[in-house]
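Naming follows writing order (A, B, C and D), and every chain is counted from residue 1.
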Amino acid sequence: PRDPPDGEFSRIDLLNEILPKEILRQQFTIERYIKIPDELREKYILIGRPTPLIRAKGLENALNTPAKIYFKYEGATPTGSHKINTALAQSYFALNEGIDHVVTETGAGQWGTAVSFSASLFNMKSTIFMVKVSYEQKPMRKILMNLYGGNVYASPSNLTEYGLNILKENPNHPGSLGIAMSEAIEYALKNKLRYLVGSVLDVAILHQSIIGLETMKQLEMIGENADILIGCVGGGSNFGGFSYPFIGNKIGEEYIAVGSEEIPKFSKGEYKYDFADSAGLLPLVKMITLGHNYVPPPIYSGGLRYHGVAPTLSILIKENLVKWKEYNEKEIFDAAKLFIKAQGIVPAPESAHAIRAVIEKALELKKNNEKKTIVFNLSGHGLLDLTNYDSMSKRLI
Amino acid sequence: PRDPPDGEFSRIDLLNEILPKEILRQQFTIERYIKIPDELREKYILIGRPTPLIRAKGLENALNTPAKIYFKYEGATPTGSHKINTALAQSYFALNEGIDHVVTETGAGQWGTAVSFSASLFNMKSTIFMVKVSYEQKPMRKILMNLYGGNVYASPSNLTEYGLNILKENPNHPGSLGIAMSEAIEYALKNKLRYLVGSVLDVAILHQSIIGLETMKQLEMIGENADILIGCVGGGSNFGGFSYPFIGNKIGEEYIAVGSEEIPKFSKGEYKYDFADSAGLLPLVKMITLGHNYVPPPIYSGGLRYHGVAPTLSILIKENLVKWKEYNEKEIFDAAKLFIKAQGIVPAPESAHAIRAVIEKALELKKNNEKKTIVFNLSGHGLLDLTNYDSMSKRLI
Amino acid sequence: MKYLVCYMTLGYPNSDTFLEFIDKSQNLGCDILEIGIPTNNAKYDGPTIKSSYKKVNKINIENEFKNLSHIIRKPTLALTYLEDHENDLENFLKMMKKYNFAGVLMPDLIIDYIGEYKKYHEFVKRNELNDVIFVSPTVPDKILKEVSEYSDLFLYYGIRPTTGIPIPISPDILVKRVRPLVSNKLIVGFGLSNEDINSVIKAGADGIAIGTAFIKKIDSEGLDSSLNLVKELRGILDET
Amino acid sequence: MKYLVCYMTLGYPNSDTFLEFIDKSQNLGCDILEIGIPTNNAKYDGPTIKSSYKKVNKINIENEFKNLSHIIRKPTLALTYLEDHENDLENFLKMMKKYNFAGVLMPDLIIDYIGEYKKYHEFVKRNELNDVIFVSPTVPDKILKEVSEYSDLFLYYGIRPTTGIPIPISPDILVKRVRPLVSNKLIVGFGLSNEDINSVIKAGADGIAIGTAFIKKIDSEGLDSSLNLVKELRGILDET
């Protein structure tokens, strides 16, 4: 990461002021393994880790493929996605330096849900700035965060200078992730709280690597070899957390990162320094990016609307160690429907991108009659996205 | 079960016409164990069985109790509740006699969800008559059943004589579980399909006993002894399925069945012959009942509004082998909130009744400093009940 | 030798035919007669027997008993629900005794009066009648074992929830499970098909009870056919 | 003996003070001089060094080099970003050579020009200058090991993402991990505190590079304080 040459302040210094120290240490360490503190480990167990590795027999049958398909099911965590893995760690390290209140922003709501429950588990307060349009369209997410004890505010809010200025210009501003983040950071700075980061940074991927490490162990326990590993990419933390342990240990022959055709970062993105966030408050990182000012279309997979690809994943893609795929919403919806009927689990639309690639791969293996093993990360369930699926079905059919 | 003396038809004979033969055989068998056929067993594995047995460390911490608390988490199944356990078995045995289409009714939607997914897993069609008022108020349940490929009709519908007659009298009739069931049975009879039964019958409890059998094995694997077993009671199938294996094997010292104070069947019910269903289409069974004409108040725990207690459970309660508790909605909501903040899982309001009893017991053990082990059945998650929780919080606070 | 218990509703379809059925069936292989006492409250009977009760509900029971008493040569039981006699049981038992009944079978005794069954059992015995006890698969093992010792003549085991409706069950599994619990003779009934008969006998039953099938034969094909059925059943039992 | 690499921005805060700092620091314990060439594009420098560049952006580099050339008695490196010289690198290197510089250190060479670093390295060598290579913790082990052999004089390891900002890291862990990969001398820099110095030396570093701290001292307490800091650092290094 680096600061922009012309910045009026140092983003790296800002990290220093808003992130827990141990989080920064982990962000910039080169240790290959970092021990999980006992208290944190206990919370991972409490939320049901290790999450199950499930043979997708229903999907195999539906595709009539000779391939074996397994999925690591992060939707089995109480908050329904992998996000909890880093939310817990960041909350814990904040608590450890005497902070009793964490702050973040959320768009679709998965991250805010994870943060508010993590805070609850450590008896901390949490404040979530939720993009106003999501706040209004996803009432259940707000209810859930409230049940976890989170204070949820529609952003732009009147809690920050930044929000007040925007509201002054347009009281009906629908908000954006950049605005919500600016508000969260301002709020954290002003009140000397800690800000939690949902993805992209190496440290988030580090925390998510519990997914891949567990998966490796689970495969080993059942004597199974992974040949092809697949995950979807928003910022890259679920894909990285799932696949890096395999890549690092040279297990598997193919790694496929899946994005959305509507947010064509893999196919159209440039590899360059860009702000990690759309607000431009975090440092520049060298990554594949559509530009932090990119305005994503309103696809249902809110978590894939991020403009870039985590720096480490960008390098792996540049070096051709990881392949990529992009699919459009119609393809995603069809894949999700097939999976729902075959496995019963409603995938988050984001995770359905991985499923689409799995299906394609499984059919390819069928054509060549290859008995390989595909393992993918089902990063979250879509039970709170059912109305989205309904609109999708109305729009796409 | 017996027929009413004055019935114009034999309900027992009706069972014969609408239920799969093997289901009837299992209903009236006295085998202690019935082998799960391989194909059915495969589906149980596919849906993630064995479901996890989780130590409720968060709840223990929140209560600061010396008791250990474990819960068997049936909400971990794709359809989110224990209902899938019998839906799968009944669908399988229907398929086995050449039927390709199953029919049932649903109120709150959990049962219909389980049936439509079970049918999908066996490539069967499914038709669900959903009480009209739920159909309108719970759109997500309908979306989910549709995604599973289920045909969902608001009941009263114009698909049956029974529905047509009611609609003729009142086109805006809100429907009832009895009407929906009558429609489902008529539809099954007319089209020579099979009707699936959600609870109460012994055979449903038999299928649910996979819960208790797994729990026993899981406790054994971690070297833990269950002292107190707790579950909520709608018809009794989740409680029975969970607790009977323990009771039968004389494991545990106390079994507590929990109902709703608003549906006071334990405290006010009579032990007598009554229709198993509110429509009066199923045989009479001897049970603790408020009467099949009992009109339950509109509590949030839709699954607990049933008028009776399964005959086997009724005997166990009469014989004092199983104790009962009843709590009001305020107590349930408070218990649910505590659990949500401590464990992250949003319980179905029905399952929150078990949680309330667990909390009471754990605090009692704390007072006496007794280190006992409580195990309860968390029969379902409440992610699709979040708007209910919201109304509850507005009404009860 | 396996026992054949033949059931017929009292006075069905009319007094003469009833008496003829009872008379001849004793020659054709019936070992024990079971006479159903009409009631509006046939809790554990299926539609066929229930409707037979309805058809004869105007008969004079004592008259029928008297006629019957002259022709019975085999032990004869009255099947009647205790619920119908809660207040006049003694009178009823005395009448039975008077007309040569060997005993009584009350299908609701163990199911609905389990807490007081010994009291009623003693009462029957004091009236010098046999008390044949009826149990079903829902009766717990412990109770079943206990009452089988109390039961006179034999234990009557109804393997289906109601008479005459062919609910699919596994007769062999049901009978094999109770056989070791019962030191008494074990007679099995409730909706038996010819296949069922084979399998319950192979599973260790000492005999069978048949009722609905006779009534259906009389209704559809007449008395002779029903008597042929007695013969046929006797044949099946003798072959097994 | 541990090396102390002393950084100062060219002509900061003014020509005279700059020259005095360079002159005296060589007597007080600096082993190697590192001279920052002002730029608007200080990609890997923190706010303190960046603002020092801004303050001196009107100086004449060649004049400053000429003055400097008369007083340098220790090996002297120019710290400059390759991105600033993509088109005039040869001229710049020739000027350095002319004014007695021992070598050049380009912090973006390995990070942003990894595919062509050998080409640039050879280019520096052909101009008879040492090419000191800069690496950071994000450089993969394999590349780090490879370039450490190419690097002249020593390998410069910047342990923080930017200079002068005390991002919390574990210096000992970082240094211990790279030490076995580096057969060359290993000099560690970027935001070192006194504690960090101890721990990186204990972890096997051959020396340290300090910059922001000198500039802050000059800004806040003046030249003498910054020279005292040189002495103090020399002391710390000699004690470890």
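Everything that follows uses one rule, which is that a contact is a pair of C-beta atoms (placed from the backbone, for glycine too) under 8 Å apart; a residue touches a chain by one contact, two chains touch by 3 or more.
For clarity, every value in this text was computed on a predicted model and none was experimentally measured.
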item: Partner chains shared by subunit B and subunit C (touch criterion as defined above); value: none
item: Distance between the centres, which are taken as Cα means, of subunit D and subunit A, whole angstrom; value: 38
item: Whole-Å separation of chain centres (CA-atom averages), subunit A against subunit B; value: 35
item: Interchain centroid distance [CA atoms averaged], subunit C/subunit D, Å; value: 107
item: Inter-chain centre distance, subunit A versus subunit C - centres from mean C-alpha coordinates, in Å; value: 72
item: Two or more partner chains touched - positions in subunit A; value: none
item: For subunit C, residues contacting two or more additional chains; value: none
item: Contact graph of the chains (line, ring, star, complete, other); value: line
item: Listing of all chain pairs that touch each other, if any do; value: A-B, A-D, B-C
item: Subunit A to subunit B touching residues, read off their complex; value: 42, 45-48, 52, 54-55, 57-58, 73, 76-80, 84, 117, 120-121, 139-140, 143-144, 147-149, 337, 340-346, 383-384, 386-387, 389-390
item: Residue ranges of subunit A touching subunit D (in the complex, touch as defined); value: 1-3, 5-6, 9-10, 12-13, 15-16, 21-22, 24-25, 28-31, 283, 286
item: Subunit A-facing residues of subunit D, complex; value: 40-44, 46-47, 50, 112, 137, 160-162, 165-170, 173-174, 177-178
